[in-house]
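Each of the next two complexes has subunit A plus one other chain: subunit B in the first, subunit C in the second.
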Partner chain A sequence: MRRPRLAEFVVRSKRREYFSNVKLLTFMFQLLSMGLVLLNTRQALTVNSLVFSGLLIGLTYLSNVLVQRYTKGDNYLIMIANMLFSIGIVMIYRINPALGERQLLLYTIGVGAFFIAYYFLHYTGHFWENKTFFFLGISIAMLAVTLVFGRTLGGATNWIEVAGFQFQPSEFTKITFAFFIAAFYANHAFFKQKLGGSLFLMIATYILIGIFFLQGELGTAIVFFAAMICAMIAFDRSRLLLFANIGLALAGLFVAYRLFGHIQVRFEVWLDPWADPDGRGYQILQSMFAVASGGLFGRGIGLGQPGTIPLAHSDFIFASIIEEMGIFMGIAISLLYLIVFYRGLKISLSQTNPFYKVLALVISMMFAAQAAIVIGGVLKLIPLTGMVLPFMAHGGSSLLASFVMLGALQYSSVEQYPEVALEIKE
Partner chain B sequence: MKSKNRNRILFLLVIVAVLFLAVSLYLVYFQLFEADELAANSLNRRNYIDESLVDRGDILDRTGQILAQSQATDTGYQRSVTYSVSLSHLIGYNSITYGKSGIEQSYNDYLLNIQDRDAVGKLRQVVTDGTVGNNLTLTIDHRLQLLANDLLKPYLGSIVVTDAKTGEVLAMASSPTFDSDWIDQNWSWIIEDQTAPLLNRATQGLYAPGSVVKLISAVAIQESGIDQSYVDTGEEMVTGYPFVNYNNAVYGEIGLRQALIHSANTYFANKSLQVGADKMAEVAGRFMIGEIIPFDLSTARSSSPYQSGMADVDLAAASFGQGTTMVSPLNMALVTGTIANGGTMMKPYLVSEIHSPQGSLIRRTTPEVLSEVTSRRNADELRADMQAVIEGTSAAIWSAPVGGKTGTAEAQDGLVHAWFTGFIPLDDRDITVTVVLENQTMTGAGAASPIAAQLFQWIYDNYHHE
Partner chain C sequence: MDTIISLIERIFYTKLVGSLDLYTILATLFKYVFVIIVMYFIYLIVRMIYLDIEQMPTDSRGSGAYLHLITQPSKLSFDVQREYPLYQVNSVGRDASNHIAIANPYLSGRHATIYLKDGSYFIEDLGSANGTTLNGQKVETALPLKNKDILSLGDVEFLFMVGE
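Entry: the complex of A and B
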């Protein structure tokens, strides 16, 4: 075995130091915040709550270590995700301990899914890199099933029930859609010759977006659109198509606004929530009150009133967190998502395999777009879209899908030797 | 191609970074410029959820009777006022929907025990479970307050009883009243009621004073050093306008005391022109006419009619109470208190002590001079005049030589506002009583004096040899 040279050693030990610092920060946050939860919410120090705190600290630490040891590539991703998850679950547990415990269970499954996704891609090799139609088919099929068998919850028909479990297929469609775009650009030459190139991508994406509009899922539609546009900006030459798309999107939004009552309502509420403060404007106003009551440093964990916010543990968790942890925590969360995006783009830049290059970009764009849309909605910068923050909000489908995507991103960060040509062919 | 590709990805990074930084900046902007107003919005349920978790402090009267207290319920603390009708203007209401008034409003920070905190500290303190507020002790005597309310019940108007020596308010009644414990249920008809039950007439009602204002004119006459004698012919011509006495009476040769006893308009019309508008305005100002009276409840500013260069007719009319003067009952009580107290106006107050939940004293109000109005000699002379005024009238009681002045001010539809303001000497102090009744058919002496007499009698019976 080759002995590491000194410079290499220094770099390595420095990196290790960073990692342990990040782990220490996560641990400190968990310890302090859970301590405050147990002190302030009259939960009392039951065996359950202590076991929960121990498990939270233990499991996140374990996932940090396991990912570092058993996967290659970017070790920061899981750490950022763990930090975001920790901030979220502390809030969820503080609002409702039962939901918090469920979230921890889902997290464990989620981390499992992360490894499954990673090793699945690792062992199936390059098999998936040209299965464009397969991914598109799966995406459309999942949404079609939802449209037929779906149940309406919270204004959107996007739930299906399988064997007693409720799923939100649109969350998992994000995964297949990301793979679809990656496969499309990895085989760009083929599509260019046979199927109209980017036009094909556009039509496929608009079909999916159309289904989302039918279901009332404005948010996911925007995330899909953002993912497609960003892939086009990065990997497509045609500026014309790009602007055509933006024009089409605006026109589409206008048509949808005229066509669908639920979208009109969202815009009206956004423009003037005070018109119906106890009815349609209730959610967003309560969210605004929570943010306004928090101040720079928050009212303290367990000392606020997130109970007054509807869906304080899921759609409006950002508002709950700001109320109790302050504007600075809100900024910190925004920056954490920005770092996820930055890491994703870094992976995309250094990746030589076109499939994973595109995949990394699309996945990180989806995370960023989703976070931005949710935060913007909660702050009333844009209309509410009914989505949740990745890794933070309570919800099995979202958490699971996010970890699968993170697993795929992790695998994308592993250096690969291209079997396909380095550049995307025109 | 490769570097182009790289630039485009970096372009995306810049776009998204700007996006998230913009959101962060907006958060800070929101916190600095919009949050306070939003957080204070009445639809923000935190504002009352928080407070309902605090055991709001008790309010007691000077005898130790509990006037307002909080009782624990399943959802938090519920406020209840002991004499919620008689005390509604003093204690005020404390409503989730309609806010606060009275002492509940002005001493909210003390009652919640958040008086020493900045905005952030307040929020944090308020929500901490188990907070107990401070207890207030009022200068009010609930027995006197109930009596004043009973006496006032048939009328619209106000009664103010103060201690001239200290400025303590012993009773302060306003009619019509409302039930502060039922404010939420009754709000709609209370605010639609034309008689304005929510208005605390004692501090915020402004009335034309009629002849009671002659007390102020008398001090101006005393101070200006002019000849106080006058020969009344029943008419005083001022620039072609004839001023006459009530019932066209003719009093002959009179001095200041007789002028006050008979409430001779002609006398004051004549003398005020010699005193001049500037002097009248100066004295009225020292009596806090036209000034804001600092008090535990919000007060309306009485309006002074005097300005330099005003027409003689206006000056003469104002001097005996027919001008544009508007005074609040509290202001008039302070005027009388000043004369009874040797020319020094004491600052009125309602809250005498604030105790922490553990019983230690947080704040004690010490009597404060509000205005040095006139000399002891002038005041004592006027005090004797006022006693002479009341002798043998319906305001007099057998037990003590009370002093006072009545007033009758024209109101709408041929009706009048009936005034009485006076004092009763006790062992070492004087208690003032001021009564104003709106829209009466009888004069101040006819309508207001008998009510004052009953209050004087009660005060003598209960406070003499105290």
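Entry: the complex of A and C
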């Protein structure tokens, strides 16, 4: 039976009311928290910091409005990303105002990248849907370049410097890898006939993961693996391959553990950080002290000492936030990532175009895996992997890549019609 | 700037009771506010998602008449549903308060109305700027709709379907 007409009106006005409330909540959070942070960092208070606060509030509001007006599809993704970003940047600014200002600049570029990604996919249409080898080639090339010319920072050879700008190619490989899996499953029939089906995907993924292990980048390797497994569960009927993969991964991890010193170190620190509390275990111990001293509601912004954790503004921002805003905020952040993941699955289920169906699934899985790995690592549930939380942590490459992926996810949520739009039963 | 800083110092960092200053009190109060704000934010998002699911269009075929989109939606810069089920009275226009609201700049705020009278549907233009056409013919008075008539409103084209 059909719903009565009136209900649709009520729903539409209700939704508009909720939308404006959501924008208002983001605004209130930024206003109150930035107010506190400015009072707290009073020694560094200049006209710039007031301009910064104004820009922060204005830009996030603007992006909420612009995305709603100029893109079709899912409206929630950008609002959640903005909320996560707000929580993150307040913390970064509180720890180090200069880094906060830089983060805001990167955010502006990131939102630009969001729109560029959206409209790029919008206008180039179906051109990318069968460029499987192109995406794979780019992914491998980017990693190979890093391996040769890369610089080592924080235990991983994953930085590259071009014209004075440092960036992490592995963050951008996530984008091309997601497109690669999407193009692969969009042309699954072809690969099944010619190139061994999912075996091809497995080999390609393991080559990339192998390079990550050589670079010492454990986290991205796990994210790639999770994305591949997730796509296989959803789009491949063969369960045998799935179990073979999990077995292979365990075996591979064991071999890697034996081969590479840096992986052994990470496991040792995870199992017993007290063995070297002032050296290798220092970071995770400080993180756990921070989480413990936070309690349920935290100590209040400006009243804790998140600065004592090394990398408190990037890898360990989750611990810093829990220290000053509490476990409940930590739970809220996990929930926000969960909603992004749920939206991704929903988009993937309702999308009819096979390419964007896979793309949505892979991208949302990557966000979820990243969040799970980082949160687990900071809380010492799993070994540290050197990843950062998407949208929250300080870091240009990560923020930019996350926004490009979000733009692609946004485009995937636009209902695509088959070329022949009209099918009328006579 | 220095005066402002010293002013802040004096207002927010003067010890009131013991080692308690105004800043500590504010920060302690606000930490609850922040958690409430973010949790309420999540609640609203979940609530909107719930509305979406509840509102998911049930298959209108077989139960009544509907408008079926002909124009390729990828060519349009605004959201258009693939199908609009028709009811007793249906206003079409750019304004969000219409039954069939399409954010097409070529549509007038209240563009046209499609209504059921004596068992068949009629279309009537409400004095729109760009007009409405039915099978290529401009709609001047109320015209009856037949199955598979082509309606164009602004630059969006629909097929009128009676349903089985």
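Some points to look at:
Operating definition for what follows: the second predicted complex is superposed on the first by the 401 of 426 C-alpha atoms of A that agree within 3 Å, B and C clash if a C-alpha of one lies under 4 Å from a C-alpha of the other, contacts with A are read in each partner's own complex, and residues count from 1 in each chain.
Simple rule for what comes next: a contact is a pair of C-beta atoms (placed from the backbone, for glycine too) under 8 Å apart; a residue touches a chain by one contact, two chains touch by 3 or more.
Quick caveat, the model's predicted, so the values are computed rather than measured.
Contact comparison for subunit A: of subunit B and subunit C, C touches the greater number of residues.
Of the two partner chains placed around the shared chain by superposition, subunit B is the only one that A:Ala234 touches, whereas subunit C remains out of contact.
Using the contact criterion defined above for the overlaid structures, shared-chain residue A:Met83 touches subunit C, although it does not reach subunit B. In the overlay built on the shared chain, the residue A:Leu335 is in contact with subunit B and with subunit C. In the superposition on chain A, A:Val22 contacts subunit C only, with no contact to subunit B. In the superposed model, A:Gly376 lies in contact with subunit B only, and not with subunit C. Contacts of A:Phe260 after superposition on the shared chain: neither subunit B nor subunit C is touched. Look at A:Ile301: by the touch rule set out above, it reaches subunit C but stays clear of subunit B.
Of the two partner chains, subunit C is the only one that A:Ser33 touches; subunit B does not reach it. On subunit A, the surface touched by subunit B in one complex and the surface touched by subunit C in the other have residues 42, 297, 299-300, 303, 335, 342, 422, 424 in common. Taken in their complex, subunit C has these residues touching subunit A: 1, 4-5, 8-9, 12, 23-24, 26-28, 30-35, 37-42, 44-49, 51, 54-55, 58, 60, 63-64, 68-74, 78-79, 82, 85, 87-88, 96-97, 99, 101, 148, 159, 161. Remark: subunit B residues 1-2, 5-6, 8-13, 16-17, 19-21, 23-24, 26-28, 30-31, 34-36, 38-39, 41, 43-46, 49-50, 119-120, 123-124, 127-129 touch subunit A in the complex.
Contact residues of subunit A toward subunit B in the complex are 42, 230, 233-235, 277, 285-286, 288-289, 291-297, 299-300, 303-305, 308, 322, 327, 330-331, 334-335, 337-338, 341-342, 345, 348-349, 361, 365, 368, 372, 375-376, 379, 381, 422-424.
Residue ranges of subunit A in contact with subunit C, taken from their complex: 2-3, 5, 8-9, 11-12, 14-16, 18-19, 21-22, 25-26, 28-29, 32-33, 36, 39-40, 42-43, 45-47, 72, 76, 79-80, 83, 87, 122, 125, 297-303, 324-326, 328-329, 332, 335-336, 339, 342-343, 415-417, 421-422, 424.
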